[in-house]
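Before I ask anything, let me first share the structure, which is written out below as structure tokens.
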Amino acid sequence: MEERVLMKGNEALAEAAIRAGCRCYFGYPITPQTEIAAYMARHMPKAGGSFVQAESEVAAANMVLGAAATGTRAMTSSSSPGISLKSEALSYIAASDLPALIVNVMRAGPGLGGIQPSQGDYWQATRAAGHGDFHQLVLAPASVQEMADFAVLAFTLAFKWRMPAMILADGTLGQMMEPLYLPKRPDRTPADRTNQAAEPDWALTGTLNRRSHRIINSLVLNPAALEASVFERFARYRQVQAQEARWRYEGPEDPDVLVVCYGSVSRIYKQAIQAVNQEQGLRAGLFRPQTLWPFPAAELAAKAKHCKKILVPELSMGQFCDDVKLATAKLPKPVALACRAGGQVPTPAEALQRLKQTWACWLQDQEQEEVYYGDRQL
Amino acid sequence: MAQHGEVAVRTDRCKGCGLCASFCPKQVLAVDLTRLSERGFPLCQVINPEACIGCGFCYSVCPDLAISLMVQKNA
Amino acid sequence: MSKDLMPQLKTLLPCDPYRIFICGSGGDGVLFTGKLLAQAALRAGLELSWLPSYGPEMRGGTANCSVVLSRQAVASPIIDQADLMLIFNQAAWLKYGARLAPGGLILADQSAFPDGVDEGDLKGAGQVHVLAAKQEAAAHLGRNLGNMLLLGALTELVPLFSAADLAWCLQQSLTAKSTALLAQNQQAIKLGQRLMAGD
Amino acid sequence: MATVSYERPEALLDVPFHYCPGCTHGITHRLIAECLDELQMTGQTIAVASVGCSVMAYDYFACDVVQAPHGRAPAVATGIRRARPDRFVFTYQGDGDLAAIGTAEIIHAATRGENITVFFINNAIYGMTGGQMAPTTLEGQVTQTTPWGRNPAEAGNPIKVCELLATLDGPAFIARVAVDHANQIHQVKATIKKALQCQLEERGFALVELLSTCPTNWKMSATEAMRWVHEQMRQQYPVGVFVDRLREDQNSGRGGSAGGRHLSGPSAPEAVGLTALPAGYTHKE
Amino acid sequence: MEERVLMKGNEALAEAAIRAGCRCYFGYPITPQTEIAAYMARHMPKAGGSFVQAESEVAAANMVLGAAATGTRAMTSSSSPGISLKSEALSYIAASDLPALIVNVMRAGPGLGGIQPSQGDYWQATRAAGHGDFHQLVLAPASVQEMADFAVLAFTLAFKWRMPAMILADGTLGQMMEPLYLPKRPDRTPADRTNQAAEPDWALTGTLNRRSHRIINSLVLNPAALEASVFERFARYRQVQAQEARWRYEGPEDPDVLVVCYGSVSRIYKQAIQAVNQEQGLRAGLFRPQTLWPFPAAELAAKAKHCKKILVPELSMGQFCDDVKLATAKLPKPVALACRAGGQVPTPAEALQRLKQTWACWLQDQEQEEVYYGDRQL
Amino acid sequence: MATVSYERPEALLDVPFHYCPGCTHGITHRLIAECLDELQMTGQTIAVASVGCSVMAYDYFACDVVQAPHGRAPAVATGIRRARPDRFVFTYQGDGDLAAIGTAEIIHAATRGENITVFFINNAIYGMTGGQMAPTTLEGQVTQTTPWGRNPAEAGNPIKVCELLATLDGPAFIARVAVDHANQIHQVKATIKKALQCQLEERGFALVELLSTCPTNWKMSATEAMRWVHEQMRQQYPVGVFVDRLREDQNSGRGGSAGGRHLSGPSAPEAVGLTALPAGYTHKE
Amino acid sequence: MSKDLMPQLKTLLPCDPYRIFICGSGGDGVLFTGKLLAQAALRAGLELSWLPSYGPEMRGGTANCSVVLSRQAVASPIIDQADLMLIFNQAAWLKYGARLAPGGLILADQSAFPDGVDEGDLKGAGQVHVLAAKQEAAAHLGRNLGNMLLLGALTELVPLFSAADLAWCLQQSLTAKSTALLAQNQQAIKLGQRLMAGD
Amino acid sequence: MAQHGEVAVRTDRCKGCGLCASFCPKQVLAVDLTRLSERGFPLCQVINPEACIGCGFCYSVCPDLAISLMVQKNA
């Protein structure tokens, strides 16, 4: 195993991507993810790959489309406004069944907003990365280790299922440093890129006059044919949903309050949960989806069965909560939603308070569903 | 250098646009707007095969590669 | 939070997690100080997280970072209270002072308390150590190495890691730069230790 | 006595085009394919089809093809070239695609000197969507969105793409030709070939603007349309070579070429002078 | 009342927008909505307004932002891929609290897809029109009359609530002709635009050195301030949800099967429902949301209480169904989902069959939840 | 004996700038404000702030201001001008904003001859995001994303915006000045004024490129930075007037001006010759 | 669907909704035919919908449109079966023929059935009327006005609206064009009526 | 034409960038890097007030409008 290193989340992600065989990075600067581009500018050439600072996020995403079409591991990264600009290309990438990695280190929106951490692009990432019916894989790291691990995982899954994968992080994860084990350096050398054997059978690599031409395309003017291709893709999605949902649970088997959250917020609530579980009277557990699409709905429902109340803290206005509600619709469990927005992040003390408050509400009225905006209860 | 061409129109490709006829310096080809090909386009025909000098203009302007042309060059 | 002292480790955490907050202005090397501290702690076998304030800081304003040290994986890298605060100037103290945990430790440059330490304002700090770090650094080393001085002082105060750990990490991160610079930094650390010892 | 037979180029698959009768897209396709054949590039080429009437070019060219979002073909081509510097890339783009929505992408691919070849079909209108104003629509030209003719005071001035790109340091070859008469075809082809040659020799970005027709949306016959190119479009868009670094010593060029190539190709063809031949439209319409 | 006219949906919308006081149209051609731009090119100048064919959808949306900032009624229209490109600007418009009209005449996706009718942008429209936490009003016409009426309504609501409004139509609605009554011509003449009294007090109209400057902006670097502005906006959204949800119901008070759908699909199912209700054995009702955001959740739940089963037909892959499920989560009613995609549209016969099939399933097993992809039952 | 006192222009609110020490954004703001005062335009002006270090320009100018998405200021300005042809509009944009992400918007606003004034701050770097390569970054210049200096073969060539836009028919005034010495300030101001004058007279699109500093990301002192503009940037970006239709008879201009104006303004200032004065950097650093 | 004849109206719908499908190729004026029919029906007091096929039809292929007439608001503008089909050529008939409702009415140009009407292929059509519409129009009017001819014929066949309604609508939509053209169109309608009457 | 200027630095605005001092032809202004203003910037001071000729260079290059200048022109 490789040495333990201390790195920023953004840099760990970049280094892991290179080790995962990423050979093309296309990006456009934006806070708080610019370290990814800066790292790639330095290290991609050494890895025999290509770094291009594109003229815009739109162009960067389309460069990824082009590189991905050749079967190359390619990626782009940005933050919220820049991701919006990639949405047309994302839809094309998905419609062309191309694998690629897109990183969104979310910042506070809407509009230009601010640059502090947020989870306000949850719906965009999980439901509407662009127009039309499609999905992308969405991985939600909660530590610098996962920033690195998920870069590797994202490429593996993207190529396995031939679809784009997004790492949905936030400013905290991108900017913080933690010790981590980097993934192993690959055995493949960069020269392997021209190794015909390794090329996927759908990739555009030139016919070399040996085979008939391949087309990568998303235009299908015949509605019946287009529908068939959408149905095929959704059949694939069902397999992904069945096989690839990932999550972590920590806490007692039958917690009173089940906290469901992802990303950096889960770290804060983890601390609060550890604290509350050392006291008397309330046992809490943490269910943390690592994949947001596919959403670990069945697993969450199974866990939620044994709890009394669900608490959903998020750095957005109830977006993530929709998925929790959809997953647990058949269980009549009251849900408390704790929203922070605009780059505001709960402190461990706030998390503790929210946990206790939620439980106190349940003790009073077992049906009550609270919504908190910051420290205001609506 | 005298040369002669043998020109024919592939009716399965011709769309009757008339470009070949327009640029033919010898009026070898003509489009009959009153008659339609089986594909429903105005009918383009070789009306004066002997006059063809094999200049290749028809071939080069036909957007649908519907002209077949063989040129005998008598050096 | 939970006190969980582990005497078998060469590092002694006063409590676990041990929450450190470092603040000053852009030029104080706040983020680098935190990073070095984090690296030394890593070398000492601890788990940790380092979280900077970020943004267009270059255009003025204060800078800060949070370092959390623990024997287990760190839960929250975001802290509301600090067990230890390193403070580089008055503005930072005024802005962030309230974050000090009851009984917490303050290690500050003199400029943080230009009018001297007023016990009333400290709201229950456990210990307060004020050094003329920047001034001493400027005087003895001709450079703004107040942060190294404070780090050196810290090794005397809390047994998180040794000055040797610190020096090793410094060497790692400054390899690209001149050896003269490295020597100066190490001198600054020593100076800090001496000042603290004589404190 | 020698017999020459005009054969369909191998780089063009034997399927019918979906283009309107008399549309010059077909002629241009054939000429590009002939050059790909002659330069033996087809097998190593990945083409980029753009959004416009020519979107289905992927069905016609025998090389691998990816279809790019509207306007983004140069970015897609950049991605391909960076991923596979050992392959050739050309894009085929309309004036809406290249000069409106794709303005940033073409300018930046050009300034990067990206080693790609761009075929720019300027037909002064949006064909695919039924005849709206293009950036290259002539002053006074009636389109669906300029019902009383394009008025520059409201709808802006026509853009001269070659002149614009020629101010940049990246391009190695920029030329404009007109597909407006049988007697122009040779010149058009030679220019296309030169642009591809640029890529073979890793000189960097090359673009050929082809003044083309859209008989359908111009509401003209095919022959009238060619005449209109000749009489109207050439006024606004003079043909000629704007940049040619093909003959320059590779090291003396100002512009760099991004995305080097590993294969070596055949040597350069003859340079072609591009004077506007007088074209006659003598025949019956 | 005005004379009854026969118009295409796209043209009726354009004419109604002009009559509603729209004075700036910015657009970029795309099928199947190009008629809107063509109509505006002809008629906007006559109304004293401005028509600009923008260089791209991105530019068009930002021109709307600029015009809206002056308090002018401004709009843009496009279809799916073009709407993706507008997403950054939409987020800015919402974040700047500007009123504007955006029309999406949806076509089949993803990617370039096809040009036939679709509802595949439902999630994008209702949840993630761009990055960050915000909403837009989403109006879903189902007739040419509503294409016109909702253009007026959209401007009214957008100005009332200071937020963007989207009309979410599809190729069928845009291309079809039906007789309609056009809205009354406004009393205001175009010259009124410069009438200071009529200008909203937030609009950028020049200070004329009489007042201090106004700023329209979405950057808020202070997270607490940004969060406060997001909370304020969501408080407003709650009012919108309480006041502006619109829907239509047709059918018996206690239908066996409640069909829930919107837009052109509702027309097809309406015919099937009329047919089935004339037969014996099955009574069906049609619940048609006219606003998709705010979604008439409470009203739907109230209606659904009396039905036995819910059938959700949509021209997308279950996007709309999420909202139906969220709205009826507390009622244990089985839901059948009938998806068409890629531009395929159900025929009245198919609708009839789906209705009967769904009911037959219920008779067999009252818990069963079916999913249909085209004529395949999963 | 006369006393002249230098006063803060009224168009600039009395609040401190957030810019770095020595950054020329502040100088440029003041000069624009002085011109707005002198032309009495402030009350009828709606400015467009762009995304970059100058995003908060909205806090400084006394006129109404809207903040545009990154690169889109010319589109936003178009929207304003079309909605309110009786108002003035200027945009203030960095080189990342205008010449990278906003390439299409600036070119099309220019070709439309949109009656707006654009102040283009070319500091050869992305300031706000911490010093990445800009389209205008010089060859060999070290930035965060060109760690070994910009290599045109990989990262493309610097773009000369004035030269590019000058090929279009829409612009009425295009000039480049350098904010690199005290002795340049008068010229810079006169050029800014002329560009605003263009709008007053409804001549159409006007753009002033200002060679500017970013001491912070260049890692230089303020004075070193000005010297670098003078010695390095001026080589690549020569100052001068590229288009000037202000003196032309309005009807004889080729380009149309989109978005007419209803108010009349004061008359034109003197034309200013833009020769590059020798600048001395004589004083202690 | 439901038969709901309303004798008090001057228009008599054979059934309600009355579903009409018009198909041919781009040049046949399919969409305009449908539009005129819809306008005439509107003038006759009916509710209706008109739905075209759309897309890049200009590059060849067939065109079609559906017109639904009713006494009430039309439910589905999309039809699977047509009570009346106007067919302009053989390709259209081969592609869309199966959509004819049992007992439906066909009004076609001769070119739709170049080999004559084969009863077996018609699958239960109620009535079939074939006119040499395009040919007659070309012969008598020198223009491709086959569509007007068929519309004229239709007024003789089904009492949806009168030839006068049609002429009025024609006038409305052709105002911008020449009166000569209008006259020709009206002649074509008359010709169609005559042909049908003599059918 | 002799003229004299009265120059002062607004310390609440000055960021100590030194541009004024750099371009002053008479060394009227100077930045002391070893001393900080109350805002924490290097201290810019008028060190030679009498020498000021009122050329206005300091005013025109100061990015923060921190120079106040009054000029007496003796025509």
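Here the chain labels run A, B, C, D, E, F, G and H in written order, and each chain numbers its own residues starting at 1.
Definition applied: a contact is a pair of C-beta atoms (placed from the backbone, for glycine too) under 8 Å apart; a residue touches a chain by one contact, two chains touch by 3 or more.
Bear in mind the structure is a predicted one, so any value in this text is a computation, not a measurement.
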Trace the shortest sequence of touching chains from chain B to chain F and report its length in steps.
-> 2
With chain centres defined as mean CA positions, report which chain is farthest from chain A.
-> B
Would you identify the chain whose Cα-based centre sits farthest away from the centre of chain D?
-> C
Taking each chain's centre as the mean of its CA atoms, how far is chain A from chain G in angstrom?
-> 56
Euclidean distance of C-alpha centroids - chain E vs chain G, Å = 34
So how far apart, in whole Å, are chain E and chain H when each is placed at the average of its C-alpha atoms?
-> 61
Pull out every residue in chain A that's touching 2 or more other chains.
-> 31, 52, 55-56, 58, 81, 88, 92, 96, 111-112, 115-116, 217-219, 221, 345
Which parts of chain B, given as residue numbers and ranges, touch two or more other chains?
-> none
Per-residue multi-chain contacts in chain F, two or more chains | 19-20, 55, 67, 69, 100-101, 103-104, 107-108, 112, 128, 130, 135, 154-155
In their shared complex, chain H is touched by residues of chain F numbered 1-6, 8, 12, 16-17, 19-27, 30, 181-183, 185-186, 215, 221-223, 226, 281-285
Chain A-facing residues of chain C, complex | 1-2, 35, 38-39, 42, 47-52, 54-56, 73-81
In the complex, chain F residues that touch chain E | 13, 42-46, 48-49, 55-56, 58-59, 61-69, 72, 75-84, 86-88, 104-105, 107-108, 112, 259
Residues of chain E that touch chain A when the two form their complex = 58, 80-81, 83-85, 87-88, 91-92, 94-96, 106, 108-116, 118, 120-121, 123-124, 127-128, 130-134, 217-231, 234, 316-317, 319, 322, 325-326, 329-330, 332, 340-344, 373-374, 376
Considering the complex alone, what residue numbers of chain E touch chain F?
-> 23-24, 26, 50, 52, 54-56, 58-60, 62-70, 72, 74, 88-89, 92, 96, 193-194, 204-210, 212-219
